[in-house]
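Multiple structures are listed underneath, in structure tokens.
Paired with subunit B in one complex and with subunit C in the other, subunit A is shared by the two complexes that follow.
So, the complex of A and B:
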């Protein structure tokens, strides 16, 4: 007979195992199966139940799918609230996230069947499209969270972001004193470099890694590598700076790809809630 | 000239470090060059940026040496004169040079570093995407607000406070609701296209579904399919889901399943109204007797397989005031009050044919259309047969001659006839002409003249028109009323088929001849009802699901029956030119056809 200590050990082991299982595989894909079941029921019902004159969000089955969809959307959107509270157990954040992902995917089926494939330029389709945008950005988010952190740490090596910025600051100090003997044109180029914030560029540059306005690149082109001692020294420093910038920009690019989806996912979710409100109210207002 | 140069530096602790030095020179070079009198180690400063010289009378002249200007008391200049007594502030690059007069009379220049903008916050925050994107929260609330205001609040508020006006397609401005087009789930049907931007014409009250009375304001001519309570009893039972939906809907004020919009769903795209499908009718009529046990007609579900025998309405007894519906299966006998053998009249060889041949108005054996003239506006599709037009050419009522013209008996009223008959006996006989005169007093103008001419046979018949063998009896049945000779009144209904509709023009010459359906050639009695029966229609017409061939026409209920007007065909009369809706190839339709 198992002793209390044995039981305790087994429980602890289970918890420790669970701690290292991805939210996608949570409890043997429990929520994946739930979501598949929901999809299967929705599709079979849609195929078998005769809705006259045609399948439509306003038939009883349409209302049923719509209600399920609405409840799902409201619940899924509450992950934002849930994740700010710490708790564990059956409704741990991991369980919640797992359900969020799989039920969110099931919403594609439920929502699409609710439309009865009737699409138009109206608030109803707006809600549907926003829902799809939220889901697709979410799918990307899952991919990003699974794939990109590896790239991020590979690029970073043993440096933190702060270390990279310190390197730049260090180079800049040397650059400023090394540039003292330079003439006007060279000075201006170096001023441009020093004045340009590492994070000057916008989201597009971060995502694409394209920085057409880079002052360091311009200064490298403008200050010859073979010239006065000062110029040679400045060129060396600029080269070092460009290398460090490249690492920072790779870091920025991966971080941007890791985070950008939330800038779509979250606003689109809130917009979806508004569109959903307008959708439900308008349908019954003009019943 | 002496310059007193005081440099103030700020230590990290914030303490000021002041260093003074005196320069006994007439001119002072300020620049980045370490050899300058005042060395400003900043890249924005020229190597030799500015020169201060004694301008006499205690004044100092300042001149920029390179391309870059300097800043004097907030103004960018390349040259200036400075009065140290009045004091001035020169800005070169990041440094501020305050020029004043020292107590000992020398020019004092106090150099202060310009306050540097300290980059605020955590520098690593720049790595976050949030630093390059608008705030998620701001975007979220902006989108929320736009949708909430434009797509919800504006329509609701303008609907609530609109001026309620009569529906007027010409004036959509007055009392219109703004932005509610965004609420439309799809285009309206073509017939209602004019209402497209006029949602409130149908959706009159908030949260109240479209009401029948609103539809009736325009479609006031439409009849109910049957009495509402009868329809509710006769309807096919709902599925559980539908039943729950109707229960909830009706509890919330929606018109019931017999409401207009229940069948006439809108916002399904620019379609034209389609005739109801056979299934739509069969849902109720296929087994209606199970629910409406007292109904007079039988079940129907498919014209080819399940349709009751026709029950034309006609007079089943002489003198009847009301026509009766009798099934063609019940060997109907029509009591029209007439004697009319169709077979003699339509025969191409008999006496009637010969007679018609001899008459210029026919010139050929009689055809059906000689008597039965089509008229779309007539109740049965034909003008009534009028004796004077259709019969009298042969069945003459001429009673004699007067003033060179024929006289004839009036038709239609026995009293008139009797008056005319009284005159016939006075009419003169034709003179016998032999070529030989009689002698003396026996001559035609003589005292003993007698007209031995033969009375014309027609006259004899006319004379005895109402008696047995008389002219009237050729076509009419005789009777006596109050001891007086009389005729049985003619009772022919305007139309025979009341529960459906039969367009003769759709069965024109290229489809069938009259006799193909109406057994005129074998009908020797007027009591024969020549309405074709169900079986004869089924030669060509089978149910909607029948396979179309050269002969077989798949025929849904709506081909002969209208939902709102059972005796009229369903016809999209208002929009005859609308294009067809085409095949329905959407997913739902495909699934629907697979289900069946």
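So, the complex of A and C:
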């Protein structure tokens, strides 16, 4: 049928003309400028507006900053939902992330000015500290996002995580038959290798890349590279296995470092939201 | 000598089965001859449990209706392969332990079936044919219904022992084979997939050797070839290069290698060395085909009679690839033999639908005749061919001024004008400038040939009746009618030149050029223009695309991409200097070659055109010089650019229209693209981010590239793959029959066969209560546990998020900007590909 012009052609053509630009650079740093403007206005306001009796969250300017900060935090938290709710429409998660990062950083200024530099042991300061924790973890996140993908890519080449495990499975199959002629000690070492799960070690190993008790390493040390034919073959296979394990471990380490901070960022966000609720309620009921 | 049957039906596929059933019902003396030891070999070979579809759903099955639950003829309904063959076995009173017996009641036909009866030749005339079987028997019949499908016969090894029982031309289920020594002969996709299936699952414990006569795997998809070679490197299997079979003996194969003969022990030999289409066998009976083209079908009368009187052809061999069509034809042909009168074809209601939007309430026959007499390219067609053609087409009437299609709309269909005329808006800036196309002629041929978007808006100039032929129907027409082929070629060349060189020209001006134009097919990688040569022709890319390069080997610099619809070679003609760069086909392409002098003459006559050509030449030269000057300053960057371009071409960018590219300097591996994809499409991701090739930092994941001429479309029996309104190549889940042809035809491995997964609990209930598997594609185990096992597997692939506002969700859902979908002609530029992404 004749295709009417009511399609996405124009938008699609624009999209097809796209370029690889990181979220930090998104639209010529649009959100960086927005955030800087926000900071500048907040600081200028703080300096110029005469707050009675002293700058603090309770003055009208303090309320203004507090409201801006609260709205920002709530909006920043929504990223978690935006990321998972794939609704129709012209949104882009990259634009969201870009705005998230820069406006999130601006919170340091907005939030701090909101406190009027009054810090104490109370629920108000708790909220402030939680906010800083979220922000600091976020800063690490940005660093990780900027620095680690290259390493991840270089390490894996064309291989997927699944491919790497397949290689291990294949080496193991060969090890099993190659180890048949070995003596008792040698066989035990190889059995130890075969029985050890690739993921045997915990989160700490994953992050640091240090795997004490690695059976492959032990077996490599225990089976000579220059011995009987079988030993030579097993040693070769173990070397290949160690190399493959090293690649997997690098892969896991980089992926863990790309994610680990979210284990602080997200729970701290939830705690922050709770603390903020307490903060707001206490301000309105008991001041 | 045996009895003389009224009809011998050769082949027990759906077509032959239904013919035999109808003959039995009419008590016509008949025999059904089947080559294999079971009925319906094509269906028999479907995957176990394959859900067989009964499309088109609005086509009625002949021999009408159910009475007391029993169909009054050959039964066929959507269902599993086992159910259908079980019913047919019961119709024929055949017991086959490989097929579960059907428990329900079916009509008992007394079909005279003979299995293991391969027909090798047919002699004689109508009234008395002698049919020779492979086992030496002869069967005599007055008429023959040929329903042997299009499978043909698998090729045999050309060495002693080629009929050894260890040899099989196919592998049903790799998991049926354990601890075997297997030799695979044949390095096409089928052979490689079998070898990988048998070898890469260590649990099966098979030892697999693949014989390769040469050193490469040119016949296979790149992905299969690399999978195979890496399986070899990783020790899963063994590839023997420059090795060919010399003899097959019990338990071993003798092979010829570069260093002499060797012996490989084996228990099974899989030969995947292609098959002989049945054409020769059919021609030997004296049956003519519509053309030399490989895709041509036998010439048939409206009653399916071939040019050999008394021999009828039905089913897939007659060009109807769906089971329902086949079955109806079986019925029709027997009714014709019994009554001497043609049955009103079963497709009549469908055709009524095709014509229902045309004015005047005229009959199907009226319109068929009108189209045939008025449209030039339909001149040579028979009624049967007309019917078939129109079934796949859309007939529409337009009022004066109504738009038929718009500039830049996607579309690869061909239009023909049966009544009235149309006006082409040749100038995008001024719709009042138009060129007419009159009754009987065609338009839209550029889209048909190149797969590119429409070049101009076309409106009806008066009350107009047109027919829009789907690309598939148009290609079939061109393939079967040399006159139509000639006409389309000529018109498309003329229009392409006119469109390219501007609106001031008339067909008269370019007649000398058109007359001397030749269309040439260029295989991928073949050079059209060689740097330094001094030939003087001008070329227009008609289909595919060209890459422009300078220098040799290591020092080769990529300069640019020339997409279809553009010309090249003008520099040498205008300057008279040797060729400045090398131009070669990025993918399989077609060019129109025009003589340089003719072009110069035209330039001399038309100063405006001369101006334009000089302008284009200048732009190109400037862009080339820009890249070359960078070469001196920043050689690394330019080399990287050339390398990347080369890599992208290998990955299919030369034929892509919209491809997903991931910048690995930005990709954090969160797989949000995959999750978004799944959540936008019934819970199945059509994209595999991590798999796929990477060069430098650029990663091409497994995801549809929406090719200009999609490979997946080439062999889709229900024609379920179409290009949609946004230019996406889309598979219609409703009409897909799940045959998997598209999957095996796609060189990039982007199509999967999957059942629709069960619905997931909402995002909110997952976030609050942790119910369901969460965002993204649910794990296989969850899908399996929660779904109905009867759901049919169908083809799934990227549809570019067609109809979804905002566009592809993989791109929208990328948090860092790593994922973009681009068109190659825009992306393959120096600026884009050397962009510094970090902030």
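Methods note: the second predicted complex is superposed on the first by the 238 of 287 C-alpha atoms of A that agree within 3 Å, B and C clash if a C-alpha of one lies under 4 Å from a C-alpha of the other, contacts with A are read in each partner's own complex, and residues count from 1 in each chain.
FYI, a contact is a pair of C-beta atoms (placed from the backbone, for glycine too) under 8 Å apart; a residue touches a chain by one contact, two chains touch by 3 or more.
In this text the structure is predicted, and so the values were computed from the model without any measurement.
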{"item": "Larger contact residue set on subunit A - subunit B or subunit C", "value": "B"}
{"item": "Touched partner set for A:183, first subunit B, second subunit C, both or neither", "value": "first"}
{"item": "Touching partner for A:117 - first (subunit B), second (subunit C), both, neither", "value": "first"}
{"item": "Touched partner set for A:25, first subunit B, second subunit C, both or neither", "value": "second"}
{"item": "Subunit B versus subunit C as contact partner of A:285, first or second or both or neither", "value": "first"}
{"item": "Touching partner for A:255 - first (subunit B), second (subunit C), both, neither", "value": "both"}
{"item": "Which of subunit B and subunit C A:224 touches, first, second, both or neither", "value": "neither"}
{"item": "Which of subunit B and subunit C A:161 touches, first, second, both or neither", "value": "both"}
{"item": "Subunit B versus subunit C as contact partner of A:213, first or second or both or neither", "value": "neither"}
{"item": "Set of subunit A residues, in rising order, touched by both subunit B and subunit C", "value": "160-162, 255, 258"}
{"item": "Subunit A contact footprint on subunit B (complex, rising order)", "value": "32, 34, 41, 43-44, 46-47, 66-68, 123-124, 126-134, 136, 139-145, 147-148, 151-152, 155-156, 159, 180-187, 199, 203, 206-210, 239, 241-242, 244-245, 254, 265, 268, 586-589, 591-592, 594-595"}
{"item": "Sites on subunit A touched by subunit B in the complex", "value": "46-51, 53-57, 59-61, 63-64, 116-118, 120-124, 126, 160-162, 165, 176-177, 179-184, 187, 190-191, 194, 197-199, 201-203, 206, 251-252, 255-256, 258-260, 262-263, 266-271, 273-275, 277-278, 281-287"}
{"item": "Sites on subunit A touched by subunit C in the complex", "value": "1-9, 11-12, 15-26, 29, 81, 83-86, 88-94, 96-97, 144-146, 148-150, 152-153, 157-158, 160-162, 166-167, 169-170, 173-174, 255, 258"}
{"item": "Touching residues (chain side subunit C, partner subunit A) in the complex", "value": "200, 202, 234-236, 394, 396, 403-406, 408-411, 468, 658, 661, 663-670, 672, 675-676, 679-680, 690-694, 697, 699, 725-727, 763, 767, 775, 800, 804-809, 811-818, 820-823, 826, 832, 835, 837-839"}
